[in-house]
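Each of the next two complexes has subunit A plus one more chain, namely subunit B in the first and subunit C in the second.
Now for the complex of A and B:
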């Protein structure tokens, strides 16, 4: 299948794939964070991402606020709405998890609608917090400062979250609630504060993801929804529990798309995502079989 | 035990019998066929309401489609002819501009005869039956569905509330364009003494809601005018039965196969055919890359273009299928870069194309001869979305002329026509100064919204020809009887025997524009000659026009 691929083309495809995967990884972190506390797949993440990015766009592009202020504003709004979702989760403790998941999806749709109301009726692309120009050439492709900045941010956040969960007292409490919420409560761990707090962090991560993803994919709710679907696929590899494996899974999805879409292997129209779908299928199978083992991997 | 087993046998045989009956299906199919035949043989369901004053509600403008208790479809009537405006009192206002004068008096402008019949064409034979004509002196009456002695109701179904799918940006503007056309026609005297009334219905981009809209409108309006709705691809089972003429937006190729649809702009396949032919004859690249959206219409466009390019000896070295939700196009830029075509043709959607352009820009790469993209890339409002990269290297094809800077003298006969000026004046008159901004550029220059204006004008002209005896059948025959010059560059005709496709192309020509830098540093379009023309013998091509004939 590989037809006369030069090393430069392959290198370029790999680089493109890694940066595409970074987009998914950013979105995956929020999904893992909220799942890590009360086992609910948070489908509110794309809504929080879009709304956080919308606030960032309004503040930076319309009000003229400095990029850093707009960034903080977007992330803060994401955290606020994440906390509200967490509070709703507390009220729904007795509900089946599937119903709560659907509730989070409705929250996304609500935030999509609200963002639509705010945004102009054309596709917009917010300014990058890392600047819209600058970068360097690698092989046949050009890597922008935005891509590098997003990649580094993603790695730092992954390491930070992994550290907090595995090495700190907060992490121990979070793991205790995740393993058995009722027992954790009897030990005096304030369940409510932790659920709301972790969902607020998930909201902040989603907003940060939206702000970093939208300069590249444009600030369109449906596009970001699809990014989230690929992110979900990547995070499943770690059973939705591990930040590190979610990062690796997302990069794998991006790599497969980069290599198959970069003209190295021609599979025909519509089949370009086949590699990504294969990664998802393997991830679901692997996570299903090894879930117990993965649950104890705290990266 | 034995009893239970016996009942089990009974249950088993009953089930098998029911399955057998269900699977044979003969009787039910036969029944539906008979029902269809009966329906076809009997008068059309709306025939009874077409008799004069048969149903007072049918002639009441406000009843139209606004059935209560149906939130799915919410028709409204923005263009109810007000008593004050029912007289042609504003004729003087209309004639403030040369275009207004011309349109009001039907005097042809140099090189343009808006809305009037063009010269007959060798490929547009007349209809099978006699073409209806007006009976002088006969009083108007409710001659058919949606027609009364003083009103003709026309309908439109748009995805106005589909917020992220062309809704506010395009469908809402489409309705405003139609509204402007209706108001202009009414102010200029109406249609043989009748005023037009526009009835709108919002389907939100949902086909089921679109069907509900259609059901409400079909018995209340005389005809449908260009609408932004996916419904036009799936309603073909109903139009011939209901005999509703629909001057449609022309997005789907199936519209050209429906005898009751009159597509008002060139669809993707036609654009692809024209732009491939133009590329081969004008730019003459040795190799071409094609990117297309992975949907049936654009796959068909890619196939048509590939065939045409191959016939011209041009090699298609790479094809890239884009997804509308693609988060990144870098990999496709890499694929094109590796294949290194002289020129790239795009039959895709603005979002992935914009991403491709941005990624190609960051990779500092471009094909030697640039790009040619479908009309979506040429919408004037979209310039900033594609960025500086598109300037001086991107051609677009569109169905109608687009007004450009006055210094673009090549565009006088296509874009800066009297009818274009009239369109702009009427849009501003109807909608106010908001049209000076983004929406105006979209409304005025987008070829689907332009089609709304053009085909409402054509509908009125055709209806006028029938006078008091206005009927849907007659309307169809009149529309098919001759070619209709839009006044903004192209001539339309719908062959009575077959509205379809390549040998009977309903458009005689299209236009090529190129993105350039505007005087203020923004984005502007420049007309590029020669024009692509489907068949030089088949339309009302001005003798002076520079054209490339696609035979």
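Now for the complex of A and C:
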């Protein structure tokens, strides 16, 4: 183990950590959105992210569509598949939620498979919607426009989602359905529309995350699957309910990876994830003990 | 009446059936396993034998891999079926075992191989046991995520570190060297098959014992498990330990079958989900179904190999099929049932279709088997201690659910607690029995302070309790529910059977709880508490859901038993007829406090009690 701390190294590690965490946070928003409506952990997020990014890549790099159009195309496809997953959820109300969670992973596998068929056999990275060049140096680290753009987008989306859930009528309906779907239905809230709608939003967020993440980690399904798992870890800190805490939790996971793998403490290959795993473990136990009422949702 | 024989009188039972010609009650005929129940084990066995003798050599390797899959599936089946937990770390645990085995056994002697097996399986078991302990703190969704963390931890950290296991990928593992028809592949398959058959038999044997009921009660009704004195943490450690052991052996087999541990992607998170899909698709009913599904999972990629299907699409399809099958099994079984003779009794149906399919027949009238002759039980007074709660207080947030209540139930005493809904009666029960920690006050059983003692230990010390809604495991039979957690004493089974007969549920002893009516469930829970011969029995609304006739019968039985055995009784009940019939003393609670208490006549003469029953506001 090597420890070497200078101000510049520390700043760099923190910056790397924050931007890594931002990537996780983008994914975490989709997970929280779908969980907030019917308490299902949406493991379809990585599939939606990959497929959304694939559509974006095809439209921008292959068909030559403008970046904004490609971005909208990718997000729309994500929303469409998210809505389909939401529809499937409605058909699975009698299923144990753990099984529905596995079903969503099945959807991811299908979307991975279709993306494999669409994409060229080599690893590709789509162009960043914020441009592939430009940026500035902070401490020892070069911060690109893409990273800044992703960070700002993530904060804006977090604030927007938080506002919608806590301040609007739609948010009240979503919370009512989350607390007790049957009771919400008796109040005349259209359960089906809301479940499908919120899952569509989750799909759109996942696709947006995929589009913003893939320029950094390449369009590799398994890399994005792992990004999602770290994102799940970040979001579980807030019991999968809070967009804000999911954002902060994801940044914490990224920071731990940045610090252990990015310059301050070198533990050796393979061990840079220890900190992130520790953060995740603490988050799971904290949330698990605090939110025992969610414990019954499995088999 | 005490100690006399009395035929089963369950409201749903057909007592006229099956009595012997001379009028003496006969034991019901043992229901033999219908031949259909043997179809799957026979198919699995045939598949195994064909793998050894008929399959081409290159397919025996695939069959050996199927055995490894099946063993991991069987390992995951235990926590999944018994505890309803979804562990998403099966692949990582198998990989851990495979790498540790190869790392320690590679190129070495038989001794090194044994050490490799012990280390591989041992570490895997320990990690799994740690998961079991974690499941005491985090359950359900959080347990699944915690297990995912373990998967990622092993996958991302352990597999990457050469000194741990990363260097083991690619190391050779010794295989028997044979040529000819019985070549290495066939011998490897034979060894793997014998290991799997041995383990399956052991699991099957364990499932036949009372342990199964304790496991299921732990996972399906944690409060019910506490109420019969089951140490849940012990059960969880045992289940996860066994699960880890099975997965560990599977990991060793992976390395042995392959001749080297498969590369890390073979033990990735997707594989964990696929392994978990094996018990899910099997419907979590029988171990042979797990093997059957594992065989299917292994065969599918081989069958579809020529179509060059994308591995993700293939894995997704397999998972989807597994989920669909698991959720449609009842419908499939119902269709099969319609194709053959309808079982006439519920026992036949239970034996024929398994317990899950019985959910579909709730609407059918239950026709039980013949009255049963049970052994006489010698009831005698045993020294009981008094249960004394002093200044008990329970606060939830800012709400005082119970506020400074004193309660005493001496040996042979019968005390009733009445009060409106929300008065704090059940919370007081929970505080006395350890299901809710009191925020103030003490609880004593005789001279022993049991205030900080966990619920299961209080039950073991001599308390017994029932719940407002019976806490019984649906997938267990009446008998299994009654015997779960009970200490194996000489007189336990005769006493339990005698009580079942006395409460009129003996004829339903081997029926799954999920198909018996609510009132019968109440009786089952009562019998379960009494079978342990408590010193103080606490019953929560024992007659709600019972017919008038049943209430009278219950009253009669309870009074006889209590008079003969001398235990104390504390009952919560709204039914005044039952209260006046059973209690000598009475407590009335309002807003968490005692409004009045004393002899039943005095309390009932109190005007404030009448007001409580009429729903009028009464201040304490």
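Definition applied: the second predicted complex is superposed on the first by the 287 of 299 C-alpha atoms of A that agree within 3 Å, B and C clash if a C-alpha of one lies under 4 Å from a C-alpha of the other, contacts with A are read in each partner's own complex, and residues count from 1 in each chain.
The definition used in the following text is that contacts are C-beta pairs under 8 Å (C-beta built on N, C-alpha and C of every residue); 3 or more make two chains touch, one makes a residue touch a chain.
These numbers come from a predicted model, not from an experiment.
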Contacts of A:142 with subunit B and subunit C, given as first, second, both or neither: first
First, second, both or neither for A:153, with subunit B first and subunit C second: neither
First, second, both or neither for A:98, with subunit B first and subunit C second: second
First, second, both or neither for A:106, with subunit B first and subunit C second: second
Subunit B versus subunit C as contact partner of A:285, first or second or both or neither: second
Subunit B versus subunit C as contact partner of A:128, first or second or both or neither: neither
Partner chain(s) touched by A:213 [first = subunit B, second = subunit C, both, neither]: first
Which superposed partner A:16 touches (first subunit B, second subunit C, both, neither): first
Partner chain(s) touched by A:232 [first = subunit B, second = subunit C, both, neither]: second
On subunit A, positions contacted by subunit B and by subunit C: 113, 116, 221-222, 226, 268-270, 273
Subunit A contact footprint on subunit B (complex, rising order): 163-164, 167-169, 294, 299, 318-321, 323, 325, 327-328, 330-339, 350-351, 354-355, 362-364, 381-382, 385, 438
Subunit C - residues contacting subunit A, complex: 80, 84-86, 134, 137-146, 148-149, 152-153, 156-161, 166, 268-270, 273, 276-277, 280, 310-316, 319-320, 323, 326-327
Subunit C partner contacts - residues on subunit A that touch it in the complex: 41, 94-95, 97-99, 101-103, 105-110, 112-114, 116-117, 221-222, 225-226, 229, 232-233, 236, 240, 268-271, 273-274, 277, 280-281, 284-285, 287-289, 291-292, 294-299
Residue ranges of subunit A touching subunit B (in the complex, touch as defined): 9, 12-13, 16-17, 19-20, 23, 113, 116, 121-123, 125, 135, 137, 140-142, 144, 213, 216-218, 220-223, 226-227, 230, 257-263, 268-270, 272-273
